[in-house]
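Notes to accompany the following structure.
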Amino acid sequence: MLSSDSKMLSARAELLDCYLSVRNDTDDICRPLAIEDHAVQPNAEVSPPKWHLGHTTWFFEELILVRFMPDYQRWNEQYRLLFNSYYKSAGQHWIQSERGNLSRPRVDEVLAYRAYVDHHMTLLLQSDIDEPEMEEVLEIGMHHEQQHQELLYMDIKFILGVNPMQVTYDDSFLPEAKGLFVKGVMSELPKTALNEANWETFEEGIYQLGYGGEHFAYDNESPRHNTYLYPFSIAKHTVSNGEYLAFINDEGYNTARYWLSMGWDWLVESHIKHPLYWQQEDGQWYEFTLHGRHVLDLNAPVTHISYFEADAFASWKGCRLPTEQEFEVYLQQNPSEQGLVTELHHPNNTSEDVGQVWCWTRSQYTAYPGFKPYKGMLEEYNGKFMCNQFVLKGGCIATPVGHYRHSYRNFYQPHQRWMFSGIRLSKDI
Amino acid sequence: MLSSDSKMLSARAELLDCYLSVRNDTDDICRPLAIEDHAVQPNAEVSPPKWHLGHTTWFFEELILVRFMPDYQRWNEQYRLLFNSYYKSAGQHWIQSERGNLSRPRVDEVLAYRAYVDHHMTLLLQSDIDEPEMEEVLEIGMHHEQQHQELLYMDIKFILGVNPMQVTYDDSFLPEAKGLFVKGVMSELPKTALNEANWETFEEGIYQLGYGGEHFAYDNESPRHNTYLYPFSIAKHTVSNGEYLAFINDEGYNTARYWLSMGWDWLVESHIKHPLYWQQEDGQWYEFTLHGRHVLDLNAPVTHISYFEADAFASWKGCRLPTEQEFEVYLQQNPSEQGLVTELHHPNNTSEDVGQVWCWTRSQYTAYPGFKPYKGMLEEYNGKFMCNQFVLKGGCIATPVGHYRHSYRNFYQPHQRWMFSGIRLSKDI
Amino acid sequence: MLSSDSKMLSARAELLDCYLSVRNDTDDICRPLAIEDHAVQPNAEVSPPKWHLGHTTWFFEELILVRFMPDYQRWNEQYRLLFNSYYKSAGQHWIQSERGNLSRPRVDEVLAYRAYVDHHMTLLLQSDIDEPEMEEVLEIGMHHEQQHQELLYMDIKFILGVNPMQVTYDDSFLPEAKGLFVKGVMSELPKTALNEANWETFEEGIYQLGYGGEHFAYDNESPRHNTYLYPFSIAKHTVSNGEYLAFINDEGYNTARYWLSMGWDWLVESHIKHPLYWQQEDGQWYEFTLHGRHVLDLNAPVTHISYFEADAFASWKGCRLPTEQEFEVYLQQNPSEQGLVTELHHPNNTSEDVGQVWCWTRSQYTAYPGFKPYKGMLEEYNGKFMCNQFVLKGGCIATPVGHYRHSYRNFYQPHQRWMFSGIRLSKDI
Amino acid sequence: MLSSDSKMLSARAELLDCYLSVRNDTDDICRPLAIEDHAVQPNAEVSPPKWHLGHTTWFFEELILVRFMPDYQRWNEQYRLLFNSYYKSAGQHWIQSERGNLSRPRVDEVLAYRAYVDHHMTLLLQSDIDEPEMEEVLEIGMHHEQQHQELLYMDIKFILGVNPMQVTYDDSFLPEAKGLFVKGVMSELPKTALNEANWETFEEGIYQLGYGGEHFAYDNESPRHNTYLYPFSIAKHTVSNGEYLAFINDEGYNTARYWLSMGWDWLVESHIKHPLYWQQEDGQWYEFTLHGRHVLDLNAPVTHISYFEADAFASWKGCRLPTEQEFEVYLQQNPSEQGLVTELHHPNNTSEDVGQVWCWTRSQYTAYPGFKPYKGMLEEYNGKFMCNQFVLKGGCIATPVGHYRHSYRNFYQPHQRWMFSGIRLSKDI
């Protein structure tokens, strides 16, 4: 029979494995990149990949090693400034839009920094230092790094996509399961139309939302709480490229009345005519993907669209976007879907498409009743962004497995579209 | 016994009276202005008063006379362009931020346009033309004009306030009841502190919200619907200048952690250090009002603050802003408050301050479940602004009497503060 | 025989007459305007006419009355801030681009200010106070006010021109001689073509430039100095609308190689396709003038064009713009032209067109060798603008008579075009 | 006796040597850089070093190989777009400010492109293909590449300088002669003061300017021509850091009257308080150099200042900047100086400092009388920038030897200061 000490040791060993595995996943994502790909920032909201590599490391250094490991020496004092994203309580931070101005530290220096921090994290987790808060922050840190893994896919796609050189991210590094990128898989999706049979309906009543489990969830997913919903339907499939193309062909981008006022201003000012990675050449539509440019797959989910576009499409269709509450109920109450979520990395097993693209909801991101932010520096993690952002639900093909949760609340500004964002329609009954 | 015809005639006569009275109120607000005051636009969101005079008139011309009066001739075809605010379905409109570039039409020409339209509206209402939609739009038009009456007070205050000449809006034209402006009245407010006795608490449960009456309400106030609330308290009084000053003196504007991320960026970029009309001179605080500049009244409600400032103040105080649902419940369930609202134009009768300032809620402006926008051109009235705006509740001293309603949903962007906006705190129990 | 005292008195009386006459001319220019026309600023570089009325008055108050008249009291201390244009040594000044934000002082208040200052200037000039510097500054002040008279025409034209209401400046107030505005006169201009007979040639050698006379000239026109010129020709007529239209029709605005690099960027960014006041409707070209919109007169000089456009036109034509030295020599050495300049306000007497439009030169505005700026506050009058401006020569139809001088150096930034600017071609021999 | 053929062959061999030597110098400059340093663009006017490597290569490919070598195949068709700087006649070009958005082509790919073009250039020059224009363009191309060598030093300094990591460009790669960077050498400069003995005077008269020799010069240096100058003095030494610091300490950056109007606006808006690479820490001034940060050397020439700063310093000193004509005369007529220029890369041999820093002149960049631009695509080389730029004369320590010429006309916009720019004072006599 194991003593409680050895149980703890075994739990710690598992934690360390988990930590090293998450860290390794990040390195894997960057491995196919050229050094030059790590350094550029073609847009203020896109970060250079080497910044992600450094920032996720800074998180563990600043929140764990500095606080819990006696005599820990920072790798480089300048990194406090350079790899702090926006935590005012952690001192000054480099301006986000100027991350791409910095050629140094070099990629190899950042990787050395990662190794140094990983080494010390290993020592710490193998030691008998045991602070409850340490494990709590470690768990957040691992989820934080996973969020940046998805951001890396987004940013890499943008960096390669703006380049007219037609660069392809190395296929061999794309997990096979990440079907979104695999043109072959997508084209096997059943041809669907938006008819009655494809709507799922929910009754009026009180529903429970928010995270109620015993595993990890962010502060903004709590507390679990009641909400009152009215009868609604939600589409069983996300909107496809083909359906979206019909909107374009019906003058959707030239018809003001489908659009929010701010959306129309955005569209006119930015000369928006189609989703982010679409290109038209000689009448044929193409889409840039991490596998290179392909003829647009009309059966694949439309992706990389802004809230403005999602909302305008829904207006054109005579529907609306779901609220985040409706979407969460949909995720919860549909057992086959729930199974699907678990199996998400084997999308070939199912004809449904939950988890392929983040779906915009019409809910602006705000605090749940009774919301309590993290304490300390992490107070800045979620709450201070509750303004002018919309919630997206469901996860996408670039989302790490551990990040799929019914209660997960992703959020972006309504004009942003470099994430893997799509549409699931809803309507009142 | 009256025939139904004569009943209608009498109802129509009443409607005409009402119409003419609303129209006259608008003229009254502008009467103390110099001609020059009518023409300038010191800020993109502030409109020249003569534009308000024209736009409210265009509304009746375009939505009623053109549609329902046979052979009606527009006063001037150019006014369709110049006085359309943003209705895409009504053709082109002049760019909002360039309204102040137009010296013509002159004020006297706009007044002649008003007289022409009023004359034809009178003829129409005295005729036997009877379309149900006509009366519906007329009612909206009158409420629309009342909204612009409040905007006129806001814009006039801004126009006079940016001017270093220390201009005073003519006192005799300020209705006596508009106590906010009357320094004497304000200083008689009881000195209040934020203690337990001053909180009103509400229990968990299902509440009904939205307009359910038989009179006028905008489309965005419907339908009446259930919402599930958790126990909360709401302060019985709005935050005073004195309380807000304590926030300033405690380095509130220099402490990032009280602020939303966007709020902090706004504050830094715009060099914001205090509410809009406050000025400090030799250590003494002053406030610009429509009666000129006065020593800051510490007992008056703080006003002209942004959502960012309201939210930061609440954080500093360890409280939060109420949701719009909580605020509406507060307005509904407090009978003395309800009476107060009715009596609002006699604020001396009460020690409370509902209706003095619009109070920011933490709710971003979105559609009620089952929301149905107006049909036709008026579809653009409310729905297309449901993005990046926060709801304010309760009304202010510049709000026309007919506009106080528990269900009324005012909305502004989080950085805006030229409206009469203030703070009422809330907290979870 | 007059005593020297009475001579002085008579000279002073003349000076006062001259002063009052200049002041009255300014009032005359504004007389046809509506009050509203005085207040707006549709562009950062255009000033509200009431600002011109105030600023020219401030000049006399601040530089003469305050300094030379004992016990003079300023009309309003705030006007020091509001009507200072840019003189840093005269204290703070209101931001130029925000002049149109100020509804106050009202037009009648500004006129009262003018009357007050004129009254005190009269008293001063009738007194026995006699300071040499006073008369010197007075002379500059009168020329300064005449510069603003031309600016008033420019700004009024712009204010009326941006307005879609098709406003016409009152014809009766346009001096008959101002032929540019008189469509009839212009169309009688001889049809000209750009052939040898229409070039005037000059030989290589040393020429004298700059003001050498005994009357008034600005500091930047001195000293008179030698310059070495190479043989050149200069066109006897300015480029006509018809010739310029040929440039447009030959894809001039779509062909990068005719344009300066900055010019092309300006054109693309500002969507420039033709001169400022030109409009095309159903294939017909129109031009907005102070007399309203007219069919484009192909024989009238092209006007309201930028340096970029002038330079591109010259490139297209295989010619170049003259240097300011060449242009001044042309003005000097052509006796018939010289006569013309004197008679400029009777343009019907001649077939030539000097003085109709300011002509762009390829010379960037810089100091003459040995240039000495004014002393004191007026040091800021000219020298500090010697950067990124091009010189224009010759005067325009809106230029007051006293402002035509061979040595006069007008200057504007290369993208500006709301002044009456045109083209006279030149070439090397 | 050599046949004319073998003479040509020998001349061609020399040309090839020269070509390869220039190309190799460029590679040498980039050799100490990390790959990441090649890719970033911290400012719109700074280009990523790998872009310079590609652009200079594109020049030879597009202007020589494509035109003169039969069957030449471009290395990559996309490079036509990416490495064209601004030549509209060479097709589309990538936007300058977005060069840093491109991670591809990689540095190794650009180097392969260089090798490919060098290989074909070698073949071409070893062939019997002989077109007079080919050699002419080749010569321009080599000088063009040398201009980019100086730009590389400027851009590398900026890229390393904005980085808080305190990066040092590898010393061993800085040619020893490049004294500016060598703190030791600079501090041996004699202490100088601005007294009579240090001025050199020139008499009134006609001087000859412009290139008149038989070697290479750009189109904008011709033709040789007369100019009339008035007596002037020019300082024998450039302004030192110590002298400039006195200007700062005398409130130079806070006193509007020293500054051009645009200069003051620039200073206020950009919060400029000192030269570009100066930093103050605990009262001590430091300067960032390619050798890292050093205590400011008070005897070294002030460098990296804008025209605005140079002009303001001269005003404060009661002097002025020289015209470009005066500066060229100074360079011509001072035999010891002339020698110095030849010996420039041995600055230890002399106590003078011509060629250390480019000196601002008060002359705005314009065409010489009789200027004829290059033909064809190279027409865009110089002439289209003759607007809003000021001429700098004399060369700097980063200028390749072959680029020092009395007639050389460098030019920058008045706010730019990332080049090695300094001040030499002048005055009228």
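Order as written gives the chain letters A, B, C and D; numbering starts at 1 within each chain.
Definition applied: a residue touches a chain if its C-beta (ideal position, glycine included) is under 8 Å from a C-beta of that chain, and two chains touch if they have at least 3 such contacts.
Here's who's who by UniProt: A, B, C, D = Ergothioneine biosynthesis protein EgtB.
From a predicted model like this one, the values you see are computed outputs, not experimental measurements.
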{"item": "Set of chains whose contacts include both chain D and chain A", "value": "none"}
{"item": "Whole-Å gap between the CA centroids of chain A and chain C", "value": "60"}
{"item": "Distance from the mean Cα position of chain C to that of chain B, given in whole angstrom", "value": "47"}
{"item": "Centre-of-Cα separation between chain B and chain A, whole angstrom", "value": "39"}
{"item": "Shared interface positions of chain D, touching two or more other chains", "value": "none"}
{"item": "Each pair of chains that touches, named by its two labels", "value": "A-B, A-D, B-C, C-D"}
{"item": "Parts of chain A lying in touch with chain B, wherever the complex brings them together", "value": "86, 88-89, 206, 225-230, 256-257, 259-264, 307, 320, 362-364, 366-367, 369-370, 379-380, 384-388, 414, 428"}
{"item": "Complex contact set, residues of chain A against chain D", "value": "34-43, 50, 78, 81-82, 94, 98, 100-107, 159-160, 162-165, 167"}
